[in-house]
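So the structure is just underneath, and the comments pick up after that.
As written, the chain order gives the labels A, B, C, D, E, F, G, H, I, J, K and L, with residue 1 at the start of each chain.
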Amino acid sequence: MDVKILVIHGPNLNMLGKREPGHYGTETMDEINRQMTQKGLQLGMKVDFYQSNCEGQIIDRIQSACDQYNGLIINPAAYTHTSLAIRDALLLLSCPVVEVHLSNIYQRESFRRHSMIADVVSGQISGFGSNGYLLAMDAVFQLLRS
Amino acid sequence: MDVKILVIHGPNLNMLGKREPGHYGTETMDEINRQMTQKGLQLGMKVDFYQSNCEGQIIDRIQSACDQYNGLIINPAAYTHTSLAIRDALLLLSCPVVEVHLSNIYQRESFRRHSMIADVVSGQISGFGSNGYLLAMDAVFQLLRS
Amino acid sequence: MDVKILVIHGPNLNMLGKREPGHYGTETMDEINRQMTQKGLQLGMKVDFYQSNCEGQIIDRIQSACDQYNGLIINPAAYTHTSLAIRDALLLLSCPVVEVHLSNIYQRESFRRHSMIADVVSGQISGFGSNGYLLAMDAVFQLLRS
Amino acid sequence: MDVKILVIHGPNLNMLGKREPGHYGTETMDEINRQMTQKGLQLGMKVDFYQSNCEGQIIDRIQSACDQYNGLIINPAAYTHTSLAIRDALLLLSCPVVEVHLSNIYQRESFRRHSMIADVVSGQISGFGSNGYLLAMDAVFQLLRS
Amino acid sequence: MDVKILVIHGPNLNMLGKREPGHYGTETMDEINRQMTQKGLQLGMKVDFYQSNCEGQIIDRIQSACDQYNGLIINPAAYTHTSLAIRDALLLLSCPVVEVHLSNIYQRESFRRHSMIADVVSGQISGFGSNGYLLAMDAVFQLLRS
Amino acid sequence: MDVKILVIHGPNLNMLGKREPGHYGTETMDEINRQMTQKGLQLGMKVDFYQSNCEGQIIDRIQSACDQYNGLIINPAAYTHTSLAIRDALLLLSCPVVEVHLSNIYQRESFRRHSMIADVVSGQISGFGSNGYLLAMDAVFQLLRS
Amino acid sequence: MDVKILVIHGPNLNMLGKREPGHYGTETMDEINRQMTQKGLQLGMKVDFYQSNCEGQIIDRIQSACDQYNGLIINPAAYTHTSLAIRDALLLLSCPVVEVHLSNIYQRESFRRHSMIADVVSGQISGFGSNGYLLAMDAVFQLLRS
Amino acid sequence: MDVKILVIHGPNLNMLGKREPGHYGTETMDEINRQMTQKGLQLGMKVDFYQSNCEGQIIDRIQSACDQYNGLIINPAAYTHTSLAIRDALLLLSCPVVEVHLSNIYQRESFRRHSMIADVVSGQISGFGSNGYLLAMDAVFQLLRS
Amino acid sequence: MDVKILVIHGPNLNMLGKREPGHYGTETMDEINRQMTQKGLQLGMKVDFYQSNCEGQIIDRIQSACDQYNGLIINPAAYTHTSLAIRDALLLLSCPVVEVHLSNIYQRESFRRHSMIADVVSGQISGFGSNGYLLAMDAVFQLLRS
Amino acid sequence: MDVKILVIHGPNLNMLGKREPGHYGTETMDEINRQMTQKGLQLGMKVDFYQSNCEGQIIDRIQSACDQYNGLIINPAAYTHTSLAIRDALLLLSCPVVEVHLSNIYQRESFRRHSMIADVVSGQISGFGSNGYLLAMDAVFQLLRS
Amino acid sequence: MDVKILVIHGPNLNMLGKREPGHYGTETMDEINRQMTQKGLQLGMKVDFYQSNCEGQIIDRIQSACDQYNGLIINPAAYTHTSLAIRDALLLLSCPVVEVHLSNIYQRESFRRHSMIADVVSGQISGFGSNGYLLAMDAVFQLLRS
Amino acid sequence: MDVKILVIHGPNLNMLGKREPGHYGTETMDEINRQMTQKGLQLGMKVDFYQSNCEGQIIDRIQSACDQYNGLIINPAAYTHTSLAIRDALLLLSCPVVEVHLSNIYQRESFRRHSMIADVVSGQISGFGSNGYLLAMDAVFQLLRS
C-alpha cells in the first residue's frame, strides 16, 4: 500500500453529529474517518486525518504535506468562504486536491455560495453528506490513475 | 435489475470529444454513456440517456420522468446558468437528482460560477471529467439506500 | 361570438395540480381552461389555449396570433424572468396583452421578482391563483370596450 | 349586506383626473369611488373609502380597520415604493389585501418597479386604470369565498 | 403686486439657527423669511411661507398651491432624499419650481447626494446659505418673464 | 427626582401584543411603559412616553424635547430604516439618545439590517424584547453619570 | 464557386418589415436574403439561410455547420443577450463568424447593450440596418483571404 | 472697480446656440458673456472669460488664476462628470468658486447626475439657462461680502 | 451561586486602555473584567474570562463552553466582521449569547457596520463603552429567567 | 468628386504597427490611411485624416468638421471608454458617424466593453482590423445614399 | 553616464509646495527634481523631467520616450484614476516603469484607491512623499541590473 | 547601532522559492532576510524577522513590538486582503510601518487589488520582488530621520 492521502477537516467539523443535524447528519467525524480508512484498505490507500479550528494550523499542515502525500481531500468548512491564505497554500501542492462539502452549500445562506478555493482544486463534491468523502476518495483514485 | 435512472445531457454535449478538449477531454458522449451502462450493470441500475440542445425538450423529458425513474443525473451544460424553467421542472421530481459538470466550472468564465439548479438538486459534482458521471451513479445509489 | 382571445401557458404549467401545491393550488391546467371557456361564453369571447415548454414554440404561437386574436392572456411561468425573445414577440402584437401569475411572485425567490415582459403588456395580475385568469378575461373585455 | 371592505387611496390620488392624464386617465377619485360603490351593490359588499397624503394617517386607518373589515384594497401610490411602515401595518391584518396600481408601474421610472408591500398582500393588479379597482373587488370577493 | 409665490421649508428647518451652525449658519427661519419678504417688495412679488415636519402636510400644501401661486420655492430638507410622494405632488404644478439647499449637499453624507425631485423642478441652487433663497427668487422672477 | 427622560415609540408599536408575537412577544406597549415607569422610580428618573405612526409628529416631539429632557430612548420601528428626517431631528439634541429594537433586527428581512440613525445615537440595543427598554434606561443612567 | 457561408437569423427576425419599423426598417427577411444571394454571386460565395425562433434549433444548425461552411454570419436577435448555449455552440466552429445587428443596440434598452457572443466571434457590425449583412459578407470575404 | 472674477466655459460650450437648443437654448456664448460683462458693471466686478475644449488648458487657466481673481465661475460641461484633475486644480484656489450648469443636469442621462467638483466648490446652480451665470455672479458677490 | 457565564474578548482587546482611547476609552480589559466579576456577585453569576487574538482558539473555547456555561457574552472585535467560523461555532450553543461592542460600530468605517454573528445571537449591545458588558450581564440574567 | 469624409484616429493610434501587434496587427496608420484614400477614389469620396493624443484637439477637429464633411469615421481608441466630451461634440454633427475599432473590444479587458459614444453614432464596426475602416467607408457611402 | 531615465509629473504637480501641504508636503517640484538629479549622479543615471496638465501631451511625451530612455518614473496624479489613454501609451514601452504617489492614496477619497495603470507598470510606491521618487530611482536601477 | 526594526512575513511566505516562481521569484525567505540583515549593517539598523501562517500569532507579535522597535516592515501576504484584525493591531503602533508586496498585486486576481491595511500604514511598495524589502528599509530609515 504505497498511495497516501491526507484528509483535512476545517473548523467545527470536530463537533459533527452534535450540531445542526438538519444540515450535517448525525455521524461524528470519527465515524466518517473510520469509513474512509476502511475504504482506503479496499483502494490500496493509506489515509491520514487532520482537524483544526485554526486557519494557520491548516496552512501549516498543507505545507508539510507537499511531498508526503499523493492526494488531498479537504473540507475547509467556514474557511471555504473566507480564507485566501488556505487557497494560497493549496497552490503549493502538485497532487490532486478534492474539495468536499457535507451539505449542499447552495441551499444555505448566500455567503456560503462562494468558495475561495474551488478554482484551484481538481474538483468539488457537495451535498452528499459523509458519502461525499468516499466519493472524493474514488475521485482521487481515478485522478491518480489517469 | 429494478432500479432505473435517467441521464440528461444538455446542449452541445453531443459534440463532446470534438470540441475544446482542453475543457472537456477527448471522450465522446457515446463512450461516456457506455461506461455508465457498464457501471449500471455492476450496481444493478438500468441507465437511460437523453441529449438535447433544446431547453423545452429537456423540460419535456424531465416531466415525463416523474414516475418512471428512481434517480436523475443531469448535466445541463450552458442551461445550468440560464434556465429557470429547467429548475422549475426539477422541482416536480421527488427522486434524487445529481448535477454533474465535466470541467471545474469555477476555473472558467465568471458567468459559469452560478448554477440555477444547484439549490434544488441533492448534490453537485464538478471537475472530474467523465468520471464525474460514474461518481454521480455511486451518489444516487447511496441516496437510494439511505 | 366574434371576439377571440388566446391564452398561452408557459413551461411546466401543464403539470399544474401535480406540483408544489403550496405555490400553485391543486387545480389542473385543463380545469382552469374549462373555467375560462365557461366565462368566455358569458362574455361573448371564444378562448383558445396553448401550452408549451419551449420558448421558441411560444414565440411561433405569438407570431401566428398577430392577426387572429383580439386579445392575449399569457402566463410565461419561468420564461417571465429570462426570455427577452418572448418580450420581442409580444411587441409584434397590437391587441391587449395581460400577464398573469398564479402565485404572488413577490413572495418567492428574488429572481422571480423581475418580469421581462411587464413593461410591454397592458397590465399584470398576480397572486390570485386560477382566479387570476378569469380576472384577466374581464380586463381584456374592458380594454376592448374602451 | 354584511361584507364590508375598505379602499385606501394614497398620496396625490385625490388629484386624479387633474394630473398627468397620460399616466392616470381623466377620471376623478370620486367617480372611481362611485363605480366601486355601484359594483359593491351587485356583489353584496359595502365599500368605505379613505384618502390621505400622510403616511402616518394611512397607518392609523389600517390599524383601525383590523376588526372592522372583511377585505382591504389599497393603492399606496408613491408610498408603495418607500413605506416600510405601511408594510408593517398591513401585516397586522388577517383579511385579504389587494394592491392596485392605475398605471402599469413597470412602464415608468425604475424606482417605481419595486413595491415594498407586494410580498405581504394577497395579490397585485396593475396597469388597468380605474378598472383595476373593480377587478380587485372581484378578487377580494373570490378570496373571501375560498 | 400681482405675482405670488410660495416658499416651503421642509422638516427641521424651523430649528434653523439653533442646530448644526457649521452646516446651516446662525440665521433663523424667520429672519430668512423676512429677507425674502423684503426682496419680494423690490421684485413686485408677494411671498407666502409654509413649514412642516410632516411629508403629508407638505403634499397637502403643494396641492392647494396649484392655482394660487405663480411660482414655488422649496427646500424639502431630509425629504429631498426620500420622498417620492412630494415628487409626485410637484408634478401637479405647472408654474416654475426652484429647489434650494442651504448647505452644499455634495459636501455631506453620501445619502444626501441624490435628490428625488431634482429632475422634476426647473432648477436647483445649493450651497449658498440663506442667500440661496434670494437667488431662487431672482430665478423665479426670470423664469416668469421668459 | 430631577432627571427626566422621554421614550418615543414609532409606528405600529401601539399594536404591540396584538401583532406578530413571533417577532415582538405578547406584552402591550402600556405594559412596557408601566415597567419603565416602575424602573424610573428606582433610578430616580421621571419617564414620559410618546407614540405616533406619523414621521412628522415624531419629529415635532423630538424638537420639543430639546431642552426638556435629560435623555431620549427611541424605537423608531419601520422609520429606523427609512427616515432621514428623524435622523436630522436627533442631531438637534445634545443629551444621550439610545436606540432600542425589540426583535433582533439582524434576524429579519435584509432591509431591516440598516439603521438610518445608528450613527447619530449614543448606542443601540436590539434583540432583548421589552427588556431592551429597561437596559436602555440603565444605559442612559450611566451615560448621565459619566 | 466553392466558398459557402451560412446566415442565421434569430427569433422574430422572420417578422422583419412587419414589426417596429422604427427600429428595423421596412425590408422583409426575404428581401435581405435576396440581396445577400446577389452579393454572393459577385464575391463568389454561395449563401445559405436559416431562421428559427428556437434556441435549440439554432444550436443544432450551428453544430451541423461545423464542416460544411467557410464562414458564418449570425444575428441572434434577442438570444444575443441571453443565450450562453449559442455561445458554446459557436465555440465549436473554426471558421470566421460575424455578429450582425440591424439596429444600433446601444441606442436601445440597457439590457440590449451586452452580447453573450461578442467575445467569441471575429467581429461585430451593428446599426446599419440590412446593409450590415452585406458589410458582414465583405468582412468574411476579407477574413478568408488573410 | 477692483473685484475681478474669471468665468470658465468647458468643452463644446463655444458651440452654444448652434447645438441641441432643446437642452441649451439659442443664445451664443458671446451673448452670454456680454450679459455678464454688463452685470459686472452694475456689481463693480470686472469679468474675464475663458473657453477651452482641452482639460489640460482649463487646468492651466485655473492655476494661473490663483492670485489674480476674487472669484471663479465655472461650467465644466462634460468634464464635470469625468475630470478629477480639474477638481484637484480647483482645490488650489481659496476664493469662492461657483459651479453653473445651463440645463438641469438631473433631467438628462444618468451619467450626468454626478459632478466630480460639486463637493469642492462653494455652491452649484443648475437648470436656469444663461440666467444661471448671472445668478452665480450675485452668489459670488454675496460670498465676497460675507 | 450556580449560574456560570463566559466572557470572550476578541483580538486586540487585551490592549484596551493603551490604544485609540477616542474609540475605546481608557479602561483596561482587566478593570472591565473586575467590574463584571463584581456585578456577577450581585446577580449570583460566576463569570469566566477568555481573550485571544486567534480565531481558531476562540472557536476552541466556544466549543468547550457548550455544556459548561449558562450564557456567553462575546465581543469578537475585528472578527465580528470577517469570521464565518466563529459564527458556525456559536450555532453549537443553545444558551443565550449576547454580542457586545464598546464603540458604536455604526459611527466608524463602513466595513465595521456588518456583523457576521448578529443574526445568530440573542441580541446586540453597542456604543456604551465598558458599561455595555454590564448591560449584557443583565440581559443574560433576564434571558435565563424567561 | 464632391463627397468629403473625415477620419479621426484617437490616442496612440499613431503608433500602430509598432505596438502590441497581437491586438492591432502590423500595419501602420499611414498604410491604413493610404488604403482608405485608394478606396475613396473608387467610391468618389475625398478622405481627410486627423490623429491626436489630446481629447481637446479631437473635439476641436470634430467641431470644425460640422459643415465641411459629409461623413465622419472615428476610432477614439482609449477615449471611447472615458470621454463624455467627445460624445457631446459628436452630437453637434448631423452627418453619418461610424465608430470603428481595430480589435474586437469584447475580447479584451472588461473596461473596454463600454463605449461612451456608441449610442450617438450611426453604427459600430469592431474586430476586423484595418479592414474595419474600409467597411466603415462602405457604410457611410450607403448611409448617404439612403 | 549612459543610463537615461525620464520622470513625468502629472497635472497640478507643478503647484507642489503651494497646495494642500497636509497631503503633499512643502517641497516644490523643482526641489524634488534637484534631489533626483543629485541622486542620479550617484547612481550613474541622467534624469530628464517633464510636467504637463494635459493628458494628450503626457501621452506624446511617453511615446517619444520609447527608444530614448532606459526607464520611466511616472506620477500621473489625478490621471492615475481616469486615464485609460495613458495606460495604453505605457504599454508601448519595454523599459521598466515605476508608478509613484506622494501621498498614501489609500488614505484619501475612495475614488483615489483605483489606479488605471498599476497593472501595466513594474511596480508602485506610494505614501513616502518626495522620498518616493528617490526610492523609485533605486528600483529602476535594480530592475535594469537584473 | 540603536535603531531596531521588525520584519513580519505573512502566511506561505516561508515557502518562497518553492512556489509559483512566476509570481514570486526563486529566492527563499532566508536569503531575503540575509540581504536585509546585510543592508541593516550599512544603515545602522538591527533587523529582526518573524514569519507565521497564523493571523493570531502575527497579531501577538505586532502587539509585543509596540515599544521594542523603531519601525515595522510587513508583508501580510493573503491576510492583506482579509484581515481586519491585523489592521486593528497595526493601529496600536506609533512607529513607521511599511507594507511590502513581492509581486505587483494589481496584475493578479481582482480580490488581491484591495489591501485592508493600506490606509493605516505609512506607505506601500509593491511589484519589485525581494528588492521591495530593501527599498522599504530605506523608506523606514528616511521616515525616522524626518
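Definition applied: a contact is a pair of C-beta atoms (placed from the backbone, for glycine too) under 8 Å apart; a residue touches a chain by one contact, two chains touch by 3 or more.
Nothing here was measured: the structure is a model prediction, and the numbers come from that model.
Visitor: Quick check on the interfaces: E-F is repeated by which of I-L, G-J or C-D, going by over half of contact pairs matching?
Guide: I-L
Visitor: At the interface of subunit G with subunit J, does the proportion of residue numbers present on both copies reach over half, so same, or stay under half, so different?
Guide: Mostly the same residues form this interface, as more than half of the numbers used are common to both chains.
Visitor: Could you tell me the distance, in whole angstrom, between the mean C-alpha positions of subunit A and subunit F?
Guide: It comes to 48 Å between the two C-alpha centres.
Visitor: How far is the middle of subunit B from the middle of subunit C, if each middle is the mean of its Cα atoms, in Å?
Guide: Inter-chain centre distance comes to 32 Å.
Visitor: Specify, in ascending order, the residues of subunit J that touch 2 or more different other chains.
Guide: Counting only residues that touch two or more other chains, subunit J contributes 54-57, 82.
Visitor: According to the definition already given, which pairs of chains are in contact?
Guide: Every pair of chains meeting the touch criterion: A-B, A-I, A-L, B-C, B-G, C-D, C-G, D-E, D-F, E-F, E-H, F-I, G-J, H-J, H-K, I-L, J-K, K-L.
Visitor: Spell out the residues on subunit J that touch subunit K in their complex, using ranges where they run on.
Guide: Interface residues on the subunit J side: 10-12, 14-15, 18-20, 52-57, 77-79, 81-82, 111.
Visitor: For subunit G, which residues count as touching subunit B in their complex?
Guide: Answer in residue numbers: 54-57, 59-60, 63, 66, 82-85, 87-89, 91-92.
Visitor: Residue numbers of subunit E touching subunit H in their complex, please.
Guide: 104, 106-107, 113-115, 118-119, 121-128, 131-132, 134-135, 138-139, 142-143
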